[in-house]
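Next, two complexes with subunit A in common: one pairs it with subunit B, the other with subunit C.
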Partner chain A sequence: MATVPVTLARPRTRPLISWRVHKLLVGYAYLIPAALCMLATVVVPIGLAIKMSLYNNVLYKPQDYHFIGLGNYLRLVQDPVFWLTLWNSVVWVFGSVLLQFIAGFAAALLLQQTFRGRALVRTLTLLPWIIPGVVVGLIWEWLYQPNYGVINDLLMRAGLMQERVAWLSSPDLAMTAVVFTNVWRGIPFFTIMLLAGLQAVPDELYEAAQVDGASVLGRFWHITLPLLRPIIVVATATRIIWTFNYADLIFVMTGGGPANATQITSTYTLVQAYSTLDFGYASALSVVLLLVMLAFTAGYLRITKGVEEID
Partner chain B sequence: MNDRRSRSRRKFLHTLAGAGVIAATDLPWWEAPFITPRKAWGAEPVRFQWSVPEPTRITLMNSLVERFNQSQKDFVVQIEYVPQAQARQKLISAITGGSPPDLCQAWDNWVGQFNGMGAVEDITARAKSWQHYSDVAPTAWQTVTLNNQIISLPLALTLDGVYYRTDRLKELGLKEPTPDWTWDEFLALAKAFTKIDKNQYGYGMRGGGTWALLYPSEFAYANGAVVLENGKLTVNSKEAVDAFAWYFDLALKHKVTPPSAATDGFVEIVEAFGRGVTSMYQHNSGSSGQQKKNVGADKFATLPVPIGPAKKRASFWFSETLTMFKGAKNKEGAWQFMSFMLEDEPSLKYCTTLGLLPARKSILDKPEFSKDPALAGFVNSFPIGIVSPYLAFPGWGGKIDSDGVPLIQQAMLGKISAKECLDRFAEILKKEMT
Partner chain C sequence: MRRGGPSDLAERLLAGPVVWVGLVALTAFALGPFLWMLLTSLKDRQELYATPLQYLPVHPTLENYVDAWTSTVTPFNRFFLNSLWVCSVTMVATTFVSILAGYAIARFRFAGRDALLLIFLATQMFPSVLLIAPLLTQWRTLGLIDTYQALIYSNFSFTVPFTVWMMVGYFSSIPRELEESAMIDGCSQFGALCRVVLPLAAPGIAATAIFAFVVSWSELLFAISFTTQTDMRTLSAGLLYMVGQYEVQWGQLSAGVIMSTVPVALLFVLLQRHLIHGLTAGAVKG
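So, the complex of A and B:
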């Protein structure tokens, strides 16, 4: 009897790792370069700053370099200037962002309308945002100059003022003056963001609401505002973080003065690091700034989850 | 015909080339950018950081460096310009990172901090064997000597004096102040100059930057105060408090200062005088050149600071230095350039261009300094010049900026008294007396 060769089916070898795990690992492998970059440029510096904040590290006293634990943080709690700068930061950040938002929204609504020369006006609106922060600071410093600045001159010519006002030299006015400058600079940011959002709102919604008899205010409240909410949340949160860390304008215009009236925590950190060379204390200030920002970001993430739900 | 024409053309070209060479060699060396620098093949580079890069200084320094590079073949200086506001910070970062330049231009109050960081090269041996050692004013050496070690070369000096408008004096029919004027005369003149309705003020008080504290400190010395006495801190003595109170009253009581005084820094006080807003201000000779352009050389003059109730006065002496770092890769090249900068012609050119005073006595005696009315106040201040007492401890420099200036601003605005200002400042300085 002839034998028929039989080829037995070989059992499939089981892969060392499952396809699912393999896919997962490949995904992670793609992330490695970015993760390494983040590690080197963000995580390691933060770790070093935290370590530095635990040491007495005054650069011109290398012989006094030693571990002091939470000494810099205790000093910070007892430092009245730190608390003043924290309060100034709150005024600076929320004063600036709130006014930027209101004015930016108004400008966006205006630029959404159809009128002749709209393209030119939209381009011009961007100007304050295009100019570098340091240049903005210098321009406004000269505008505010009490002796030969344009603002005082115009107000006196208009008869609105009898005496020259030292806008940046008066502790009562200096913060308002720098906030106003920051508002001027930040309006275009909100205008552009909100204008983009407004253009994405379908006209049919407004038409339907109009047919139903909704007033202008009603349409704004029930259509415009809810649909722009995701953009508003993202824009304001981003702007708050930026402004909190934004020291250029104050540094150029007042240097934190007069008498610390415009000193915010980020400028105070710079002064501690580069005037007194106290890197230990400056690091402690940076770490506290980081914690404040982290707390804010946590709140921000919760809000953006809300945004996703809307989506 | 053609031959004659070509000969004539050749002759013309030769003449032209010859004239060019003669003209080029006839140029003063600092105006010689058209001469191609001699290539120093294999020359070792010297990294040199320079702050305050405004156009005049850049042009001046470029020509001086070019001259040095042409004058020898072993070293080539590479200049790195850094804005003054960032210069100190950049140097600190470089020192901390272990890669400082070979050499830098720095003020003596910075050098103390760099020395505290263990970063500055001790040049005592080189300086003492240098041919011009004994020609440098002893006070200039004091400003760059720490713990009996010379750590820099004093490139130029500054002493504070008072600028005043001579044309305004004539316009108002006022008497010319004399070099031995007193506080009372100073105040009377400041009041006479003040015409608020015309936006004119008598005295451009400074509220911004380190000198916001140093200027009233000079007034305190005129009242018999000192910052340190036998190693004990006396910055808040009664004499100092009285002098500071008198000084702040210029703004608070007599209102002879512009409303912006509390934040006016160097640029603002110089600008206000130049624009006719103020008729007097306190500064060193460094702004004399600018005022010659702004108000005209014949419309202002300078005087030493006024004599106080203690029949004394003092002007703080600072040096603009050339400082070599321990981590320098080319110390010999750095030294060669430092010493070159203090040679007769470079030093004269540097100081006359920038309105500074040279550290070498033989150069200071030249008519460019001794006969210039814009500099008379500063040259006459040499006998009352003392090394700034705030150079005593390396930590004091930073504390003046971070804590002292805000205190001065509060006092200028009447938020705190002179006594409170100085008592709080004394507490801060005490912690840094190591």
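So, the complex of A and C:
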């Protein structure tokens, strides 16, 4: 009889690690694959980029590889093309995002209406957004083509132009042409975001305002805009960052030319890496790009915090 | 209440003609360029370079598609298979990795959880040009240039942060009690994840997976940087390669453009349905 309590007590010996610690370890184990992915493809490469930016590292001159401290950054400050690309980036980002926003908002208001075939139209109008950047660039290169492009043809038939225009190889027009292409591509992003916001606005608000005699414009100004404000801020900021970083479209369409007319900072980084094979300078450029983005994100977080507090 | 005033007229105009004109303009603007590319791809060389411009192909032909697909200089069938393989593997691996990480972040309280989430968010804002030089150096050191691995691993840099972020959202919306009762019934934590959580999150996971596929399909800069052989080009890289090859063959190129667009367009239609499904499922539960 006396031995029974002993056998009963035996399972109560403390486990090697407590249940809570065990659970925590399992949690960390689940994170390992994702952490490894990030470590190998983001964290280590960024560290490497910072290191590379401190070296003279031109691929075809391996004998000149040596530490030069902030040399690449000093060169960058004195490089007039760098300052030009920063300005071009501002034009590119501001032009693209502003026009995408206005057109995307208009599109969202249209697609918010009830009409037959709405689901189909919604899907079709989003297509420019999901196709590869190369495809967008090539489609528009063909549309802009001076001799066989349909844009010149249509404009001349309509009597708006007397002679053919080389859209992408004229320094005055190239930026407008690539921005317009990017607008075509990016409208659906704002449409999706704003449409989701519009659908969340309760109908009763509009009905009440209508009873009070508010005009269409008044309802838009006093109900729609204030309620969509948080979404507008988030969508615009994300889009600004994305457009600033985005290099594919310009790289495909003009390669930054003619004479750097469409060279934005991110494509300039690519050109330095691919054409001059100057990885040190290219890395310094990309680190600056990253710093600009971090500064913008910090400012953006403060603004959105402000928005949340107001709401 | 005012009736019959100028605002009433504005309203009737806005509800009727303005909406219709706007919708037609919007659809035409979005689809016009695709349509023009499709028409181009069906023209033979003579019609393609006719002056004055010939809008509709008089003798529509699929020659351009056949030429692009079987070309030996720019083997489109090879590009297509390369893209399909790279994107599929990226999709499967990304989904697996982000399910585990998303579940851990949504369910376990551990030190550095918020910091980790912030890192995943911030990574999405990094310029991809930042990664090209260091990744190229890294893959070269590891002897991975001209391999599928280099492209797949590189794709993780932009797919994983986003999909983890999405998964955290899906898993957080599933009530914890469901797993807890499964675990009381004798399921392990992993068993509960597989048998209870995953089926509930399936629509969201499908949407995330397709998203990873679509963004990998668009990837260009890694594909041109980490491959040197024509045989290793993906569709995006291959299309760019076609342009650089000789005098631009717009007929073949437009066929290539259409062929690269169709798969993602189809997937997108699928993605939309899943997304809506996921949203409504959440709404019904909530």
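Throughout what follows, the second predicted complex is superposed on the first by the 265 of 311 C-alpha atoms of A that agree within 3 Å, B and C clash if a C-alpha of one lies under 4 Å from a C-alpha of the other, contacts with A are read in each partner's own complex, and residues count from 1 in each chain.
Please note the rule applied: a contact is a pair of C-beta atoms (placed from the backbone, for glycine too) under 8 Å apart; a residue touches a chain by one contact, two chains touch by 3 or more.
Computed from a predicted structure; not experimentally measured.
Superimposing the complexes on subunit A yields a three-chain arrangement in which subunit B and subunit C clash. Looking at the shared chain after the overlay, A:164 reaches subunit B, while subunit C stays out of its contact range.
When both complexes are overlaid on chain A, the residue A:271 reaches subunit B alone and has no touch with subunit C. Look at A:260: by the touch rule set out above, it reaches subunit B but stays clear of subunit C. Contacts of A:58 after superposition: subunit B is touched, whereas subunit C is not reached.
In the superposition on chain A, A:148 makes contact with both subunit B and subunit C.
Touching more residues of subunit A than its counterpart among subunit B and subunit C is C. In the superposed pair of complexes, A:299 makes contact with neither subunit B nor subunit C.
Contacts of A:287 after superposition on the shared chain: subunit C is touched, whereas subunit B is not.
In the superposed pair of complexes, A:226 makes contact with neither subunit B nor subunit C. When both structures are laid over each other on chain A, subunit C collides with subunit B only at 94-102; the other stretches in 22-30, 94-102, 112-120 or 328-336 stay clear. Shared contact residues of subunit A with subunit B and subunit C: 145, 147-148, 274.
Of all the residues in subunit C, the ones that touch subunit A in their complex are 1-2, 7, 10-11, 14-15, 19, 22-23, 26-27, 29-31, 33-34, 36-37, 40, 48-49, 51-53, 55, 96-98, 100-101, 103-105, 107-108, 110, 116, 119-120, 122-123, 125-135, 137-138, 153-154, 156-157, 160-161, 164, 189-190, 214, 217-221, 225, 235-236, 239-240, 243, 250, 253-254, 257, 260-261, 264-265, 268-269, 272. Residues of subunit A touching subunit B in their complex: 58-62, 64, 81, 145-148, 163-166, 168-171, 174, 254-260, 263, 271-272, 274-278.
Residues of subunit B that touch subunit A in their complex: 88-89, 92, 95-96, 112-118, 199, 207-208, 258-265, 272, 275, 277, 394-395, 398-399, 401-402, 405-407, 409-410, 412-413, 415, 434. The residues of subunit A lying in touch with subunit C in their complex are 23-24, 26-28, 30-31, 33-35, 37-38, 40-42, 44-46, 48-49, 52, 106-107, 110-111, 113, 115, 121, 123-128, 130-135, 138-140, 142-143, 145, 147-148, 150, 153, 184, 187-188, 211, 213, 215-217, 241, 244-245, 247-248, 251-252, 266, 269-270, 273-274, 279, 282-283, 286-287, 289-290, 293, 297.
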